[in-house]
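Each structure below appears as structure tokens.
Paired with chain B in one complex and with chain C in the other, chain A is shared by the two complexes that follow.
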Partner chain A sequence: MFPGSTMLNYIFWMMMGALQVLIVMGLVELLKSHGRKIVWWQVSLIYLGFAVFCSVIAGGTTLMGEYETIAGWYFIGVLGLPVVICLAILARLFVMKKKSA
Partner chain B sequence: MKTEACGVSRRNFLKFGGVAAAASTLAGSGAAGFAIGRSDDAYTGYGRTYQGADQFFNREPFRCETPAMMDPVGKVERPEWTGYLFLRLRALVTIIKSGEWTPDMGVDKLPGPVGDHYRSRPGELKIMLESLQRSVKRTQAWEDGKHERYALAGAYNMAYRKGGMDNSDRTNRIPADPDDEHMRTGKPVPPEDWDFRGIWRKKPMEFKSPAHASKLVKRMAHQFGMSLVGIAKFDPRFMFKGLMRGMPNKGHETWGDKVPKHWKSIIVFGVPMNWDGTYSAIGYSTSFDAYFRSRCAASLMEQFLKELGHPARAQFPGSNYEIMMSPYVQMAGLGQYSRAGLVMVPELGANFRPAAVITDIEFEYDKPIDVKMADFCLKCKICAEQCPSGAIPFDDTPQTVVRGFKRWRLDEEKCYQQWASGPTQDGLGCRVCVGVCPYSRKNTWIHTISRELEPRDPTGLVADGLLAMQKNFFKFQEAEDYRSDWDGGKESSYHNPPWWLRAENFLNVEKDWEYHGMD
Partner chain C sequence: MSRKRVEQILALASICFLFAAWFAGGVRSKGEILEQIKNISSQIQGVTQIRPQVFEGYRRGNPSEKLYIGIAGHPSYGGLLQVAIVVNSNQTIERVALLQDTDTGTYITKVLGNGVLDAFLGHKTSQFPQVDAVSGATLTSTAMIKGVEKAAASIHGSFQPKEKDAFSKEEVVKAAATLGLFLTAVFISSRFFRWNKKYARLGLLGVSTVILGGLYGAQFSLSSFVLLLSGGWTKGLGSYTSLICLILALLFFFTTRKNLYCAMICPFGGVQEGLGRITRCSPPRKREWMKWSARLFTLFAMGMALYFRNASNATYEPFGMVFSFIGSDALFALTILILLASLFVRRPWCTLFCPVTCVFDFLAFVRSWVPFNREPWNEGRKKEVAS
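Right, the complex of A and B next:
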């Protein structure tokens, strides 16, 4: 990530780790604000979907870094779309779904 | 109370902070991916080689008894020296230059073992003679203007070639070659002399065990700059007949099928060619960077073993061999035969340039591996589709029996025709099949996942998925487009050349060409 530096890589990944805590806590607050009960596996599933989407983005940009720009865009488009659809379904089911009367 | 004073509630902070963190994570993932793709660490063979870190694939779960396509289906025959393209080419040119034979006399009157070779392979002589004519055209094209476009690529190539590989006065070659010694002195230099030269110990040092010998020699191969190393028992089935460097006329008339008694083990090692150059084959690639490094290591390993009192003989590229290298690369557990006739290795794909040292040391030998690379070749065929000379077969399964083994057979004459037509000053190479092979990838995490998953998947679904991505996501050229413009092509390359090989970036040249590859 930071060629020539022996420190910045570690700092970068530590910051990324800290951001993940904020993401999960934000998700929990979002669910609460929608009046949803916090269910651990639902939070885990949504976060997993997000992590997979990040991996797809990283995979595509890795190919771009390897001078395979077109392959990188295809990678993001073809593999990313199903992940986005899955995330939308999860959001519909776990966040937006109306409570039964 | 404090949060209200600031106007931000804890809930809103976490909600909006979470969104911002998600956006940052996405951006960070993208940036990290790009940096990994372009990282120095992705260039296997040009980084952490000396610690042995290039040989990162764990082969142990994949050891087998017989490598792919090396189970005999008929009588196994040792190759004649004329089976080696460069030796028969050299012999053919010598015959033509001597005036003993001219092409208009036809193959029936072509004298000697080369004549026997071509008479048993109808049509191949015609292709080879065309290649010789193409070499003349290539030289002319270089002088007419290619020397500007390919100035840096050519200089990079020749720096290795003339910087120690091929010296016309037969001196200071790395490693020293017994044939040079014979040509200088006029005396025969048999392996019983040459392989022992310089040994000063009265008795060789004994290793604690064959396992100790293997461990040390492998570490030393890495220390001498080699990415991969494996050790096999010497198998004479893959040694040329009628070939022994150092003997008069390389032993063609006198050596026969003898095998030196002290040739017991073979240490095989090698490195990849520069990655970005290889992807920009034909014109901007060279084999000589890897050749040079593996030759240096062969020289160092040869001397290292002699310092310990053991005989050693280097086998090294471009053409200083008594053996066929590919079978030994397989037997040493480094890789598997491919459709293109090359041996592919898990870490480097087809981008592997080996050398070897033969010695009398008893080692703990490596077993071959089966990592399903050859199975992938059954379906892939990208190399065959991309080959500008049509030398790689499209057969679904190996069909040709070559000296007792059923395998895909590369049409060497057609392959060489493309070599002879390359745009740089000495031609010598194509490498399109190496560059486009899906296994020839740099060391990044997405390829690591593929590399580790695919051989462990018994269903073949992973291979199918990877192949579908390879064929649909990646942009390839038309095979003919790789050829030189004087040969009906566009001088395309798979990737565009790296910045440091583009003449227009550094030299006062007028750029009148376009790049057609991937950037």
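Right, the complex of A and C next:
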């Protein structure tokens, strides 16, 4: 990704990993601040959902990078939509419910 | 002038516009055949008609070398599909061309791209090759193959013009299933249904989505309305299910004064409603300009389809993309956006963009012109029983 450099690649991916943790844990803290009780397996599901969503975007953009732009968009559309729907179902089951007493 | 009067004038103007488009289309298509034949090949000259559907010409620069052009059509999904073949004096097919199609462009491109017509080139009319239909576009491929065979037979003079396509068993089953769905919808909406109507409606919607949408792909669209209006169905169709669905929807709309199709049967509506129920979202707020924009667009699409005598020109709904994955890239993008939007607003396509909704609104408005004020069919009975 960074021709002519040895360290930047590693630093880039470390930052990507750190950002993903911040995003997911930030979401967990946000839900906690709204009075939601989040257990460990729900956090795992959030991680999984986010990872799958990122994989779909990564796959599509990889295809775009290989000069298969239309295929990339179809990849994101066909696979991304079920992922978003599953995330919505998870949100409905664990987030959009009555607050626990 | 009151608002209602203005709307009445606009409704009448719409009917006149559609009639004018249909009439202009008829004028445009006269004499089109000879022009199309001339465009098949620049090598053909001196084209004259010798029999119905058969023309004779000669090769450019060699008047003694006769060429015969046969034209024939076969019912496809959206109406009659017409092909032309050019045969030389050795009975060898030199050219095959698609003259008229009424199917969605994606199907045509798929079939032509698989070389269905090219497979006949160089073969004698008495020795046709075995050409397989293209998977996912069976009706269109079959129409092209049959069209070529009929055109060759008409050149030989052995073509029987009054060929009747019998209803296949599958078509009868589809029609029966469609009728069953509508009768169930009528029953659920009637006073005789004593159970939970909300869940019954959702259940029927789910069943219809699977059967009509997923299994049969027979949801009617704006092109079905155009097909019905233009009379294109009289020339034969590859499948009558969507037309039957449309006729039943109109029949029950006029008899029960309720749009049962949109509320209980529409497969794409079912998909949107299912997604909307995940997030429990509310319907979008429909402004006047949105309503009229959708209506104008629908009117324009119908007018163009009637003018060009091609019902599929009026197709811009995402139904085919959702259930059969057939459509252009733009339609794919629209479908994804609509499905994503369904998670945030309830039935966005139905409420804001659907041309079928616009047509039913128009029919409801025209129906209100009926002098005597008729109540819904079961409301009168309710009052009788109460008294």
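We adopt the following convention: the second predicted complex is superposed on the first by the 98 of 101 C-alpha atoms of A that agree within 3 Å, B and C clash if a C-alpha of one lies under 4 Å from a C-alpha of the other, contacts with A are read in each partner's own complex, and residues count from 1 in each chain.
Here is the rule we go by: a contact is a pair of C-beta atoms (placed from the backbone, for glycine too) under 8 Å apart; a residue touches a chain by one contact, two chains touch by 3 or more.
What you see is a predicted model; the values in this text were computed from it and never measured.
*Asks:* Evaluate whether chain B and chain C can sit on chain A together after superposition, giving fit or clash.
*Replies:* On the superposed model, which is not a single observed complex, chain B and chain C fit side by side.
*Asks:* Give one of first, second, both or neither to describe whether A:58 is in contact with chain B, with chain C, with both, or with none.
*Replies:* first
*Asks:* With both complexes overlaid on chain A, does A:14 touch chain B (first), chain C (second), both or neither?
*Replies:* After superposition on chain A, A:14 lies in contact with neither partner.
*Asks:* Looking at A:50, would you say it contacts chain B, chain C, both, or neither? Reply first, second, both or neither.
*Replies:* The first partner, chain B, only.
*Asks:* Applying the touch criterion given at the start, work out whether A:66 contacts chain B, chain C, both or neither, answering first, second, both or neither.
*Replies:* After superposition on chain A, A:66 lies in contact with chain B alone.
*Asks:* For the overlaid complexes, name the partner, chain B or chain C, with more touching residues on chain A.
*Replies:* B
*Asks:* Is A:74 touching the first partner chain B, the second partner chain C, both, or neither of them?
*Replies:* A:74 contacts both chain B and chain C.
*Asks:* For A:39 in the superposed arrangement: first (chain B), second (chain C), both or neither?
*Replies:* In the superposition, A:39 contacts neither chain B nor chain C.
*Asks:* Of the partners chain B and chain C, which touch A:84 in the superposed model: first, second, both, neither?
*Replies:* A:84: touches chain C, not chain B.
*Asks:* Does the superposition put A:23 against chain B (first), chain C (second), both, or neither?
*Replies:* First partner only, chain B.
*Asks:* Using only C-alpha centres after the superposition, what angle do chain B and chain C make about chain A, to the nearest 10 degrees?
*Replies:* 70
*Asks:* After the superposition, what is the least C-alpha distance between chain B and chain C in whole angstrom?
*Replies:* Nearest C-alpha pair, chain B versus chain C: 5 Å apart.
*Asks:* Which parts of chain A are touched by chain B and by chain C alike?
*Replies:* On chain A, the residues that contact chain B in one structure and chain C in the other are 70, 74.
*Asks:* Which of the residues in chain A come into contact with chain C in the complex?
*Replies:* Touching chain C from chain A are residues 70, 73-74, 77, 80-81, 84-85, 88-89, 91-92, 96.
*Asks:* Going by the contact rule set out above, which residues of chain C touch chain A in the complex?
*Replies:* For this pair, the touching residues of chain C are 275, 278-280, 329, 332-333, 336, 339-340, 343.
*Asks:* Okay, in this complex, where on chain B does chain A touch?
*Replies:* Residues in contact with chain A: 11, 14-22, 24-26, 28-40, 42, 276, 279, 441-442, 444-446, 469, 472-475, 495-496, 518-519.
*Asks:* Within the complex, which stretch of chain A touches chain B?
*Replies:* Against chain B, chain A makes touches at 1-3, 12, 16, 19-20, 22-30, 32-33, 50, 53-55, 57-71, 74-75, 78.
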